[in-house]
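Below, chain A partners chain B and then partners chain C, in two separate complexes.
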Partner chain A sequence: MSIVHAVFAPGFFSNGPVQAALVMGAVVAAVCAPVGVLAVLRGQSFAGHAFADITSTGGSAAVLLGISPVLGFAASAAAGAASMEGLGARQHGDRDLVTGTVLGGALGLSALLLYLSTTRQGTSGATVSVLFGSVFAVSSANWPWVAALGLPALALVAAAYRPLLLSSVSPELAAARGVRSHLVGAMYLAALAASVALAALTIGAVLSTALLVGPAAAALGLSSRPGRAMAWAGAIGVTSVWAGIVLAYDSYSWPPAGRGWPVSFFVVALVMAFYAASRAGAHRHGRSPAGKAA
Partner chain B sequence: MPKPPTPLPATSSGTASSGTASSGTGSPEDASSGVGAGTRPTQPAQRPRVLSVEDLGVRLGGRQVLSDVSFHLCEGEVAGLIGSNGAGKTTLLRAVLGLTPVSSGRVSVAGGRGRHQAVGYVPQKVVLDADLPVRARDLVQLGQDGHRWGLPLPSAAKRAATEELLAGVGALHLADARVGQLSGGELQRVLVAHALAGRPRLLLLDEPLANLDLHSARDTVALLDCIARQQGIAVLMSTHDVNPLLGVMDRVVYLAGGRAATGSTDDVVRSDVLSSLYGHHVDVLHAHGRVIVSVGDDSHSDDGCDAVPASAGVLVGGPVHRGAGAR
Partner chain C sequence: MLVLRLVLRYYELVAQRVRQGGSRGFPACPVHPSLPARRPALALGVGTCLLVTAAAVAGCGRVATGAAGARVRAIGAENEYANVISQVGGRYVQVSAVMGNPDVDPHDFEASARLASEVSQAQLVVQNGLGYDGFMNKLEAAASPPGQRVVVVADLVHPRPGTFNPHLWYSPATMPLVAGAVARELTRLQPSHGAYFEERARAFDASLAPWHKALAAFAKAYPGTPVAVTEPVADFMLAAARARVLTPRPLQTAVMDGIDPSPQDVAAQDSLLAHHRVKVLLYNVQVTDPVTAGFLATARRAGVPVVGVYETMPAPGYDYQSWMMAEVRALSRAVAHGRSTVGF
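Our next item is the complex of A and B:
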């Protein structure tokens, strides 16, 4: 029992915010898994990162307006997706360029908005909470938003699963099979935007890519099957979030201040650790051409 | 609809010295029609047409890439689409696929189902990450249902069909390998299985022999020949080096300068026909059972984007002996 107590500090399981965070974090990590795997396969993890920066703008604006940050996250991610789509980044080369352009402006704007919030309203915590988040601070009032973002994201990815997979293997093969790549791409972009908004809610806007892409990148080496890679990504994401919450709860007794370390730090550190371990494992075993890995 | 042997079109570039040279001129066995009669004496003529290309013209970015290209393919025929880099081979294939808009003429593919169902395609370059979590069997299954909405449900029938397709290309042992870790030849086979998964009547392959060693190239050609004969699928493959196709081609579509000469190997790969196509003298040399086409000064042949050096380009070999096109 002493080991259990050493890992889970007293009160962990009876703490309301902790329980809410465990559920919320797991749901968000589960949504991010399939979307993230497809982002990696489609070479759109950079677009995911851009959404992260754009959502920071929306979150900052929401704080300044005094509304829930998740509203800002969702609205700005949607606007970002629409503008990326609208700017007509049809070709891969263009896509990165357009994404990069939108991204720079968004970050600059969020710097201004956060400055205004801090100076006018004295909400000094806004910068940290918007950019780096805290799953403990997510109120249960956000549940409808989590459902409104997560369910459509999963539905879109499920609906376009096969065309998405085929076009991520080869856009040309998909086109030859009659896949309407523009429609499918737009559907995916919407799912990606929604997932980033969710991740931003959980671990902050700037770190949201880590939860989206990190578990996915780690999972690629663990299975040669797309569905199982997504399941692995989900398992890694949920584990990272949960373990991060445990560590953050423990850290209230840690130096320097005894006020707890940022939970987002633990989550992202664990995701990175999973990624490093997966790479190292893949490297050591070599990649068997027969794809023996489950 | 019987068509006369495809004449060389008089093109906008006007470089053809003669508009009269045709694939069948003076060739008795081709006098009947262009329906492959001259090349497959054992199976005369009457197989149904799968692909008809009539006076096809394609403009891309203000440039006339193809002009007046006409040919057709019947069930079970193998055709080589020959031409140097920039001659318009990929454009022609994409026009047949319906991926590149046609600016004049028409392309029709038999079968009431849509173009995407009736045509299988193996693109030239499929670059895959080594850790892509997609196995050969996944890719082949996506050939069956990759265009459909919704999640794939586990299906014993689909699984069996996938394995049959893989076995058909001699790649069943690769079923569980990641596609990104296959060799060029292995991936080629899996892509062929993917393309066949839609049960097409026409199979298009863009430079399937590029980047393959001699042995793999020979295997691939034998495989495609076998697919055409056994399944009655028309096969059209592009290549800049025709040598590996010798002995299996029923038909040659020879592209140069955006125009085409079409017919049997013997009828097209001739000095007079190719000279007319290129618009200047072309030597067709016979050596050791191969034909070497020596394109001399081709500085004005391919809209300036031809990679063949101006001094001499050895483009194509073809069988000299009669009946080389028949198996």
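Our next item is the complex of A and C:
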């Protein structure tokens, strides 16, 4: 019992914000796992990161408009997906250039929107909550949106699972088998955008890519079979979020006393730890770490 | 074309200044830059583009006959201090306020170039201190006229070292000290009007009596009333009313500083509200975020009345005294009749 108490500080399980955070974190990590593994396999983890930057613009616009931040995250990620799809036909070097410029512009726009909402509307703390988030502060009003984003994302991945894998591993073979790779790619980008929006809601726009790609990269170091890797990614993601919540709750008694450390810090730190451990393990077993794309 | 654009820009600035309720230091006339315009009503009276240029010239021409040259230029970093300066200084001061938009959290305020030029011309500055308006120190250090007098309210009040609550103007003891200091500094700047300033400072102190009485009456009728707050904004007034703030202090500081409060403190606050262990929830009208919105929702569900308090003076329509009276009345209504007051 005393060990349980040492790990879970008193009141952990009866705490309202903790209960909501545990459920929310698990749902989001579970959605991010398959989408993240596909992102790494398709070499689109940078797209995930790009969405993360773009979502900060949507999140800050939502704060300024006084609507749920998850709507802003989702709308801007969708816009990002659409523009990325539009740019997809162009050459790679050109695409990097355009993406980099657009991302810089998006973050600059977030700076303006956040400035406006803190100086004009008194939404104190908007900067921290949009960029770095706190799963403890996610209002229960967001639940319908979480469902509305998470379920279709999983459904899209499930519906296009085999063609997605095939076009990820071998585009030529997929084309020969008659896979409509453009349609499949667009479906995947939509799922990716939805997952980024969910991750942004949980750990903030800037860090969302860590929850999306981190567990997936670690999982692909443990198993190269996509299905198994997705299961691993889910386990690693949920463990990171839950352990992060426990640590954040415990940190209340750490210095500076009575404040608590940001939960997003713990989640991302744990994801990083899992990734480092997985790479070290893969190295020792002579396997090439599949997560190098991250 | 350039002149027209300058003129338009000038009217924009005048309009901005008037909207903010400031009454001093209008920008220099673009046509005759050496002549500052001092007739906002006249300057704004002509709004149409056709008449803009003519009006600007006329406005500048009028300045020479303006008799306001002897006024002390003063700035209150917060509009409640500006209000006290103008009540004490009367017709011999031109006061403007830096922070006074009721929709904005003063903690998030950032200094602009326009403000820097205003501060560089002010002879008297009243600021809160305790890091609440730290940007003022930078502006004063950057450029200030020789002999500029700066009153730091925290230095008058001597709050306990390490106090976490910078909202000194909610304490009944604060403003009489500020009025006294303002009268002293104005006398130093304009010795011939010393008696006038002193008289007005005394009148200001006397005008606080109804507020002090209302606080004492509340303390007597409802001693030790348990209350919850989102921020320490009105904590000094609550202490004067002998109310007990049950909200954990770290939660108040976290919301004030714009960071997410710990789940422990959020749960503690929720249980105060849900189990009716407090008679009222006071929240800062100027600072809203998902966390405070959650507390408001919990309070409404549980039937705990909520009272919105202001961080800076809600203007127009209020002076310091009537603002403080309105806050106490709202508190009494909530505790006596369970009535909520969301902004006034």
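Here is the rule we use: the second predicted complex is superposed on the first by the 274 of 294 C-alpha atoms of A that agree within 3 Å, B and C clash if a C-alpha of one lies under 4 Å from a C-alpha of the other, contacts with A are read in each partner's own complex, and residues count from 1 in each chain.
Convention: contacts are C-beta pairs under 8 Å (C-beta built on N, C-alpha and C of every residue); 3 or more make two chains touch, one makes a residue touch a chain.
No experiment lies behind these values; they were computed from the predicted model shown.
Q: If you stack the two complexes on chain A, which partner ends up touching A:260: first (chain B), second (chain C), both, or neither?
A: Once the two structures are laid over each other on A, A:260 reaches chain C alone.
Q: Once the structures are superposed on A, label A:139 by its partner contacts, choosing first (chain B), second (chain C), both or neither.
A: second
Q: Tell me the contact category for A:33 with respect to chain B and chain C: first, second, both or neither.
A: Touch partners of A:33: none, neither chain B nor chain C.
Q: Could you say whether A:126 touches chain B, chain C, both of them, or neither, answering first, second, both or neither?
A: Touch status of A:126: second partner only.
Q: Once the structures are superposed on A, label A:270 by its partner contacts, choosing first (chain B), second (chain C), both or neither.
A: It touches nothing on chain B or chain C.
Q: With the two complexes superposed on chain A, say which partner A:16 touches: chain B (first), chain C (second), both, or neither.
A: So A:16 only meets chain C here.
Q: Is A:190 touching the first partner chain B, the second partner chain C, both, or neither of them?
A: neither
Q: Taking the superposition as given, does A:149 touch the first partner, chain B, the second, chain C, both, or neither?
A: neither
Q: Enumerate the contact residues on chain B facing chain A in the complex.
A: 97, 99, 114-117, 119-121, 123, 126, 128, 130-135, 138-139, 142-143, 145-152, 176-179, 181-182, 191, 194-195, 198
Q: Any idea which chain A residues touch chain B in the complex?
A: Contact set of chain A toward chain B: 37, 41, 158-163, 165-166, 169-170, 172-179, 219-221, 223-226, 228-229, 282, 287, 289-292.
Q: Could you pull out which chain A residues touch chain C in their complex?
A: Touch list, chain A to chain C: 9, 11, 14-18, 21, 118-129, 134, 136-139, 248-249, 252, 258-260, 262.
Q: Quick check on the complex: what are the chain C residues that touch chain A?
A: Touch residues, chain C against chain A: 101, 103-105, 107-110, 248-250, 254-267, 270, 286-291, 293-294.
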